[in-house]
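Next come the structures, one after another.
In the two assemblies presented below, chain A is common to both, partnered first by chain B and then by chain C.
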Partner chain A sequence: MIPTPPIPFCAVLPELILLAAGCAVLLLGHSARRNVGPGVTLVSLAAALALVIFSPERAAAGNGLLYGPLAQFVRISGLELGILLTLVNWSQARVGERGEFLALLLFSLCGLLLVGAANNLLILFLALELVSIPTYILVVLSRGSPRALEAGTKYFFLGALSAALIAYGFSFLYGVGGTAQLASSYNADGVLLSVGMVDKITSALASPHTLRFGLATLGIVLAIGGLLFKIAAVPLHFYVADVYQGAASPVAGLLGFVPKLAGFVAICKLVMLTGHWDSGENAVFWLLWFVAVFSMCVGNLLALRQSNIKRLLGYSGIAHAGYMLVGVLAGPLAGKAVATEGVGIFGNGVAAVLYYMVIYGLANLGAFAVLALLRVRDEPCETLRDVAGLVRRTPGLALLLVLAMFTLMGLPPTPGFWGKLSLFGSALTGAGLASSDGRDTAMIALVIIGVLNSALAAAYYLRVIAAVLLHENEHPARAVPGEAQQIGALLCGFLLLIFALFPNMLMQHATVATSDFIGRVGTAHQSALSAAPGWSAPPELAGNAHPTAPSLHSADADRHTTESAVPGRSEYPPH
Partner chain B sequence: MDVLALNLLIFLPLVAAVLVWTLPERRESLAPKLALAVGCVVLFAGAWLWPRLPAAMGDRGAGALVGELKADWIAVGNRDGTSEAATTLTNGFVLRFHVGLDAISMPLIALTALLVPLSIWCSFTAIRKRQREYYAWLLALTTGMFGVFAARDLLLFYVFFEFTLVPLYFLIGVWGGPERRYAANKFFLFTFTGSVLTFAGILYLALRAAQIDHCSVIDFDLLRLSALSLKQLTTAEQSLLFLAFFAGFAIKVPLFPLHTWLPLAHTEAPTAGSVLLAGVLLKLGTYGFLRFSLPMVPAGTLEWARVMGGLAVAGIIYGALCCWVQRDVKKLVAYSSVSHLAFCMLGMFSLVPVGLSGSVLYMVNHGLSTGALFLVVGMLYERYHTRDLDALGGLARQMPILAFFFVLFVLSSIGLPGLNGFVSEFAVLLAAFNSEVLGRWYGALGATGILLGAVYMLYATGKLLFGPVKEPAGTPDLSAGLKRDLTLREIAILTPIAILVVVLGIAPRLVTDTLDPALQTQVLARVQEASALAAAVAGGAP
Partner chain C sequence: MEPLEPYISALAESDFTAVGILALVATGLAGAILVLTHLLGPKRVGPRKHAPYESGMEPVGDTRRRFSVRFYLIAVLFLVFDVEIVFLYPWAVLFPRLRDSAHQPWAQPLVAAGYSPLYLFLAMGVFFALLLIGLIYEWRRGIFRWN
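Now for the complex of A and B:
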């Protein structure tokens, strides 16, 4: 292993704040005052967010972490959604368990932030587990019913299976790569500090009929396969409906964002390893293609049959994972097919995924927040019948639910539409980049399947909308008092409206965030960096470059030495 | 001033919609008045804009825009230079809020501006529950309709195009007839399914445009997309793109056999919904074909023109035959829309000048006469709570004023010379006969539609207005402050349309004088270019 300078303490301060606050909340949870625990949680999240936004030094690397634009995006969106999640979950747990509940929420969010920063297979795995393990318990704690217990157990067992798959896959990747570090790291002058496994994996996948090829493929497929659980994509989707139904609504809203964003970031990091986005001759394409198609179709078809809104949203989450995989397939370099330096989010599938993920998280959370605020005969509101005629009793919540549904449907001009525009746009742009083995046709087919699926999805979202606005009900659901929850729900709706009218900011941030994937040196990266003021490499990283890359196979050693002399993956095949 | 007037058309109804919705409950009676006031402002703004067009075209030629406004709405990418505002965008995509009226959109804007206040006014007695929401949705729909016709950016057009679905969905679903929910769902899902395919087509076209022009900014500008090099956009691509556009627009028109949502939606919708649906929203489809399919994918249009002509002829005859057997007079008018809009499509895909201008004229005339017929039928329904042709009869003696208007609009609808319908119908059939693409058989078969139209319309008129008096027991229901015959309010609603029906019958040049040069330069020139290119390729091949 190559020694790298340790990461400065202040770079990980936001994560440390969350951890410390988590421990504090754990102790304070039994306080007599109801609002102490949630209050501390909220303050810590806000403090971390302020630190992330306003701190001058942002780029840092070391100890298997890499703080760049991507980590920044994950931090900001994760913490913002985290604040909303805290508000919505304000009094969700029973009094005695409130401390544990909120501490687990904080730990899970901390894991999410670490996933964004992870630049090492081991750290990535640990961060993913830090995201997931608290969520298993959150599902159980959220409700006092046996159903929650069942959901939590189911979630845990499938989660354990997926963790095993991921770890197994990672071990193969480590074997082929010879290091656990993902991307090579460079200092501000573009001098190589330490070599990642990218080149090794890419070259292994580019030489079929060798052992390395087989091992690398196996590793990637297993790891991505395990991650499909986190994003709730087919074929690891079986838990979704039961878990969403079993968990309390606010926790279900959390499940739609935190593990999903973590999963997508991790998948993008793995796909980056394969070099699929540069040259794209490997099995990952077809794996993800079929997963995307089946996720969209299966999710939507199953959702069509639901009368329970939580199950419906769960199945629709599968379909949304499918849409987002379209963006992953297109990749951050799709825009090269049109212009040499790309066309922004329109030719950047990963940016579209990040954008869409935030929007989906907001809309999903908004819908669940509304459900959490409603009671029918003192029972939680779950079915279509329960929300019938909602607009007469609580017009505000009803309109918020309708807005969330239209966003998920992707009707213009809701932010969901801008998201679909970016996702499908990048896929069509990417179709021009693909080589001539039928993959461009496959991408166009994927887009057509995608848009038809969004029409299919309209059918069930419309059922919810129709129930809320068109149907009458003798005993409509009543809103429970809860100021924090109401503020949370209101903020979700407000942000959705903001992003409907002014999606620029978020799109720009998402585009900048993907520059980690595009390469450390290169025009696209430079221009993306220049678009984000305040980015600078930390001075303590300036050091001597390691001269050669370690390599497992001596036959490749020469090639790798020359490759690593040209840092990173800045050369792209011309089109 | 023009810019202000045009944006007033688009944004005032939206603002008013929010205001109306948030009125306090005890002020509910203000909602209709406020909405009508907004409707009147819209009408005045439309009337203000109308005479500006010939002046602008005199100054700046056939492509002149009235009230043009161009601003970036979403612009993502890199800005060169230091200051954000004054620099150009590279490597990104841009969606512009670009609106403006040209000779093709102006008649439809004027039609909308006329029908909106009338449809608001006609709801005064018909709508008695949830009034605030009703008028709010009606005003939101107005925003969508103006936006669609004013948009000069393909994606902006699509945004408005889809946005119109939501208000109409609720108008049908909440205030419609007994099967309203089913009708609303069917309407929404049909149109949404079609338009998502159009969405994919729009994306593909914009991306290819950037590729062909070697431009690093993807935009959706109407003129740029209508001026792509036809040599680079292959005929196969254009053919597929035409199909993508077809999916959205043909369902909206609706073209046979995709029309099945229409009779249901029309029958269940409240009167104002029917009026706007028939008068304006169906034109979104025909306008889409004219504005986007023809100039953007002309080679694809030529490929599919015969099929479109065939579907149009089938629609003319099928719609007319369906009308003949209807007992519900509203459903009859709805099916007549299927038949009439098929005429419009026939004229458009004849791809000759007289056909295109006849087709646009047809859009306006159909909006007037069918909108008016829906208004009259709505007035009947308010009194008798039935629209069954077997249950009603001899009403001419009971309500002579209504009978006068009904007969006038029926005659206009079947194309009596001297009234507006005749001009456009004649132009369309003339075009079909003379078209190189279609040929005389399309014209001959289409002409039977006129005959059938006269048969079913006069048959219904006879049953409804003449013969022995038949009224259901307990009617007319005058509880809402109506009279047996039309009230002054209702006469005032119908009179403007009646005047226009006559005026446009005598002087269609009011519309066509500005329309013809615009159609020639913006639409037909592209089609001719494509056909010349195809001829050159065919000539060069052997």
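Now for the complex of A and C:
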């Protein structure tokens, strides 16, 4: 076997910048000047972002990493949100602990970037832990109260459980796959360098009543089960409200984006292994279906009863994980029939997930940034009563909070609406393409449950908005001075408005990002066909990439261009 | 009597010679230390000396009590160097063979693919640098000031 060459140094330069800046901030920690640490953090994130956007050479592979469109999307969104997070967290930690705090923030973001690029189970596991372990400490460091300590301890123990589940699941996948590499890797000329585990896992899952099938199912279910902790979906959601309440508001805003995006990218990479998006003949569908339904219902029902806004946002985060799982179920191939007609994201569930994740992260961070900027009698602002009458004192912050709530609710002009529309739209398109063993009905039922839940969720978001706009409080919240935090909050609102007016900007990036998955699914699909002779695919399932999506490997690109698009099935969405 | 030489030369050629020597040295060293301590060491007796840990830990009793945080700090410090050794051993074994890749057929494709000795050296250098930064950080935080 020819060893795959190591990844070029310049390809991982953005991650190395974050790492070096993290080390520098750690050592500069208690320097005399208070703004040195946050300044270095901000500059390093901006430098990494500029490098990612403007560097000409993007595709690279080696050492268990694969830099394609998906990694590019995760890099850009992670670094942009990272800049906002730094601004909002500017003076959150006490002066003596600021170095540690910002270094951990940088390490966590570095892990997020590596999750996007991971093409190896070991690297994926390490990257996921690099995301999570700093967040445990960030929760504790964020404020010096016993409640933060309790939240951090709970978060750590459940996180350790989930890491154990993920590692155990990965060990089974490694056993069945015979390699730890996820997708096969090619060199620049399209020559196969090393075979990934996709084909073996897919064929194992396509042949029931064998040992391989049982072990592969066990591995996938355990690994996805562990990842449900990162995205805060139902069986592993118990920590959410306590941790969000215990952590300082800016850190709670971080928890709503960094671990969740990492978790969803990892889940998509694992579901890609199963071939579910192609044939769907495995247990993953029903696992994710029930998790999605319970996440939506449990999250929204529990959020209805909350009077603490941080807990409310925590529970709403569970519901949002449920909405996004609908998109994961639909998969990137849901709309391959309509993809050629330029409808894009409405038929691409994974693109919808990536889009929604960024929008949710922005809105969540915006809401928490507003809470962080408010004090009630020198206490952090947390409850509905605390924000009552906010619009009469600090109208700017009040309007930002209202905008964030409308976005989370999914009211039509906000980007949250476009996100929900694309998630549920892709699910309906996927239902139209599913085989008739009850899964098409299940998908339609899922969409109905999702829409009903969105309506239910409006009740508690509107309670916050009503408190801000209509109610009054004799102990009003006051805005604390903090220029960086104000700029960060302002930027959140500004980006939400931009994406409300021009949703296509982000959607196109998200659609391009899924071309990795579509290429892989096409490969897996063909080998699954050859491995299972008795099984024949319906003609609609022939792989077809989005035409505008650049493919990393010329071999994949050739395959896509030679296969003809299937016309028809374009009733949804209307255009 | 059967001559021992072929066995000895076979043993010398096999890869397990080093393991055997290591086992012998380890056993000998452990035995020597035990015997020498018994012969040369000062004889002090008392309840503290009979306890399993001379550091003052009570080995039997309720675990729900306060421990000095220094135990954890020492454990973390130890872990840093322990992990370093775990990575350093295979690296130290592999590195000279890669440098000598002309006589090591298995190493040639590795070197050809780009895993040159310089690459491995730099990779270990990055690892060491990270550990060193951790150590400097601990130093600056005053972890080594015991009082």
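Note that the second predicted complex is superposed on the first by the 508 of 575 C-alpha atoms of A that agree within 3 Å, B and C clash if a C-alpha of one lies under 4 Å from a C-alpha of the other, contacts with A are read in each partner's own complex, and residues count from 1 in each chain.
We adopt the following convention: contacts are C-beta pairs under 8 Å (C-beta built on N, C-alpha and C of every residue); 3 or more make two chains touch, one makes a residue touch a chain.
Just so it is clear, the model here is predicted, and its values are computed rather than measured.
Contact with chain C, but none with chain B, is seen for A:26 once the two complexes are overlaid on the shared chain. Touch criterion met: A:6 reaches chain C, while chain B stays clear of it.
With both structures placed on the common chain, the touch criterion links A:429 to chain B but leaves chain C unconnected. In the superposition on chain A, the chain among chain B and chain C reaching more residues of chain A is B. By the document's definition of touching, neither partner reaches A:233: not chain B, not chain C.
In the overlay built on the shared chain, the residue A:455 is in contact with chain B alone; chain C does not reach it.
In the superposed pair of complexes, A:397 makes contact with neither chain B nor chain C.
Contacts of A:470 after superposition: chain B is touched, whereas chain C is not reached.
Across the two superposed structures, the residue set of chain A contacted by chain B and also by chain C is empty.
Listing the residues of chain C that touch chain A in their complex gives 109-110, 113-115, 119, 130, 133, 136-137, 140.
Chain B makes touch with chain A in their complex at residues 74-79, 90-93, 155, 158-159, 162-163, 165-166, 169-170, 173-174, 180-181, 184-185, 188-189, 192-193, 196-197, 199-200, 203-204, 207, 210-211, 214-218. Residue ranges of chain A in contact with chain B, taken from their complex: 335, 337-347, 406, 411-413, 417-418, 421, 424-425, 428-429, 432, 444, 447-448, 451-452, 454-455, 458-459, 462, 466, 469-471, 503-504, 507-508, 511, 527-528, 530-531. Interface of chain A with chain C (complex): residues 2-6, 23, 26-27, 29.
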